[in-house]
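Look for subunit A in each of the two complexes below; its partner is subunit B in the first and subunit C in the second.
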Partner chain A sequence: MDFKTVLKRIVENVDGAIGAGVIGEDGIAIDQYSTKPDFDISAAGAEYSTIISSAKKASQSFGLGKTNEVLISTEKATMIMMVLGKSYFVTLALNLDGNLGRGRLELKKAIPELEKLL
Partner chain B sequence: MPGDPALSAEIEELKKKLSQNPDSLIFVPLADAYRKAGLYDEAIEVCKKGLEKHPTYTSARVVLGRVYIEKNKFDEAIQELKKVESVDSDNIMVHTMLGNMYLKKKMYAEAVEQFQRVLSLNPEDIEIQEKLKEALSAKQEITKPVEKEEKKEQINSSEKQGKIVEKPQIDIQKSLKAAELYTKKEDFEKAIEVYKELLDLDPENIVVQQRLREVYDLQDKKLRKAKEKPEIKEEEKIISSDKITTEDILDVMKEAVESDRVDEEEKPRKEEQLQAELKSEKPQETKHITLSKDKAEAIEKVLNVLKEVEGVIGSFFLLRDGSIIASVLPPSVNANEIGKHIASIVEKTEKSVQNMNQGKLNQVVISSESGQLLFTEVMTGVLFMIGNEAINVGKMRLILKDIIDDIKKVLS
Partner chain C sequence: MDFKTVLKRIVENVDGAIGAGVIGEDGIAIDQYSTKPDFDISAAGAEYSTIISSAKKASQSFGLGKTNEVLISTEKATMIMMVLGKSYFVTLALNLDGNLGRGRLELKKAIPELEKLL
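Right, the complex of A and B next:
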């Protein structure tokens, strides 16, 4: 089992999913799987990492402890990011009509597998 | 080419993508793939070429730094990672890599600084706690012989003069007050110095770690502002360097000595005074507010409705400059203190979403160990909601729909 296989499974199991990726907190993608050639998680790794870092800061400001998950909805897509181990996270991007609940569930299910691979 | 066929295929695919779009950021994953394959010269070449086109893309510098580390070229690696650190001070990986390199280079003071920054961002990192201890004890081993010699000399000269030698002591409360004053006067370097001295004494002090992180944040904000308005900042720099005077330091020391003597009866009076001072400062903080008092009160009413919802701890509505228009928060949260900090977090997130070509940011939900945060744009401002760990994300989003409509009605 490798990262791509797990990411592919997540994307295929969620209606409206565009792509998924495993990214380091330094912004460098470890692996990704995308159904759209123009949707490149690797190239936007630094932006995802900035979002995670901002979320962690916000959480700390209110004394809410460790950040586990960030959910972002924009004009074009919804992105779910879940923290993996100490310094990585997995992200899943969905169309606006994508199944968000299913996406979160698939990510949660995949986390132990992905953590083993890290 | 590497022995691993999957890695070879990945390199070929990335090379193809890069040749199709030479201006894209795909050079970073390609350089990283070369690094994984042990093709360091190719990785360096790709990174350097890419950085000529995208000099501010920090991920490329991180990859370049990693390549240099793997080639044992620590000086070059430090040079690259320091550039990343100057624009992204919260990058845990960069601080960790720098700390590890300084440790290898036996530059213990620098290693301590880097590990302390990691711990200020993630206090629970046991591995870094161990490394910090290692760097601190190595640092002390180096300074001990020098200190011993200095002490010996002091004792000798004192003995000759018939004086009694007293052991120097650091008063933690006074040091904390001095650091607070330095922070207030924007002399962040000195504040950081004081907090670091305190962390040398007690590396696991969470309060000091938290304050150090806050000072680093403030310092970063100041640097970012300076980059935006260099000519104005120069003037401010001159003023701020003149801000701390000997009188100020003496005042802090006097204040600390006096506060030691304050008995319990005097405490409430002092608190009243402080509250009065804070109230008198309030108009300065809220000078950017453009909404009328009536509208602010109407928004607060809406937020009060939200407070009644099970699982909601509090909420506030703020403008882009960090001014809090209305808030319904528990007493432990000081809305005025966090406003600007939160506004900068919102701004960073929006910018990242734009850079990803995902259009306008609508809503962000952050789930943490002990609760959830949600922020969403509402016309000219941002609505922020805090929920406890039991609140359901879906429910939170649903509640927000009505609240947003109500705030829009007030604002329009």
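Right, the complex of A and C next:
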């Protein structure tokens, strides 16, 4: 099992999924799988990794403990990010009519597998 | 109708809601309503407002357009934040067993009312 196999399965199992990726908190993508050639998740790595780091810090200092998930909805897509290990995260991009609940479930299910590959 | 009335209604309509607040992107809370005296949403304003600003910037530069919502799940609570106008957001904090779907719905329904008060 490798990263791309797991990412491909996540994308194929979720209606409206555009792409998925494993990204380090330093902003560097480890691997990705996308259904659209112009949708490059690694290009988003640097920007979104900053948000994950800020969310971790904010939640710790507000007494909410460890951050598990950050979700961002925009007028064009929804990005779900779940923390992997200490300094990585897996992200899934969905169309606006994508199945958000299923996306979150597939990511949660994939976390143990992805963490084994880190 | 004032901010606190709307915030109180949101919290009372959502199972597992801890508190809600209207916060500026400068980190200053305008108003809040909480069911727990030790849960002070204004204290989180400065930290979480940075995340909203970063999410807006990341989504614009990644070509996803305007950001509507940011959700952060931690080991103790879930924070839902929805953008209000150009430089404010409304946030709702939920227990882990809180009704996330209902929370998002109540916030969405309240946005037009809250924007009128800005």
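Definition applied: the second predicted complex is superposed on the first by the 118 of 118 C-alpha atoms of A that agree within 3 Å, B and C clash if a C-alpha of one lies under 4 Å from a C-alpha of the other, contacts with A are read in each partner's own complex, and residues count from 1 in each chain.
What we mean here is this: a residue touches a chain if its C-beta (ideal position, glycine included) is under 8 Å from a C-beta of that chain, and two chains touch if they have at least 3 such contacts.
Because the structure is a prediction, the values reported are computed rather than measured.
Asker: Record, for the superposition on subunit A, whether partners subunit B and subunit C clash or fit.
Answerer: clash
Asker: Given the touch rule stated above, what does A:Met1 touch, subunit B (first), subunit C (second), both, or neither?
Answerer: In the superposition, A:Met1 contacts neither subunit B nor subunit C.
Asker: Of the two partner chains, subunit B (first) and subunit C (second), which one does A:Asp26 touch, if any: first, second, both, or neither?
Answerer: The answer is first: A:Asp26 touches subunit B but not subunit C.
Asker: Can A:Asn68 be said to touch subunit B (first), subunit C (second), both, or neither?
Answerer: Touch partners of A:Asn68: subunit B and subunit C.
Asker: Per the contact definition in the header, classify A:Leu118: touching subunit B only (first), subunit C only (second), both, or neither.
Answerer: Neither subunit B nor subunit C is touched by A:Leu118.
Asker: Examine A:Ala77 and indicate which partner it touches, taking first as subunit B and second as subunit C; both and neither are also allowed.
Answerer: both
Asker: In the overlay, work out which of subunit B or subunit C sits against more residues of subunit A.
Answerer: Of subunit B and subunit C, the partner in contact with more residues of subunit A is B.
Asker: Residue overlap on subunit A between the subunit B contact set and the subunit C contact set?
Answerer: 43-44, 47-48, 50-51, 54-55, 57-59, 61-77, 79
Asker: In the complex formed with subunit A, which residues of subunit C make contact?
Answerer: The contact residues of subunit C facing subunit A are 43-44, 47-48, 50-51, 54-55, 57-59, 61-77, 79.
Asker: Which residues, counting only subunit A, touch subunit B once they are in their complex?
Answerer: That would be residues 2, 24-29, 40, 42-51, 53-77, 79, 86-87, 101 of subunit A.
Asker: Subunit A touches which residues of subunit B in the complex?
Answerer: 6, 24-26, 28-29, 32, 57-59, 62-63, 88, 90-94, 121-122, 124-125, 213, 217, 332-333, 338, 341-342, 345, 348-349, 351-353, 355-373, 386, 393-394
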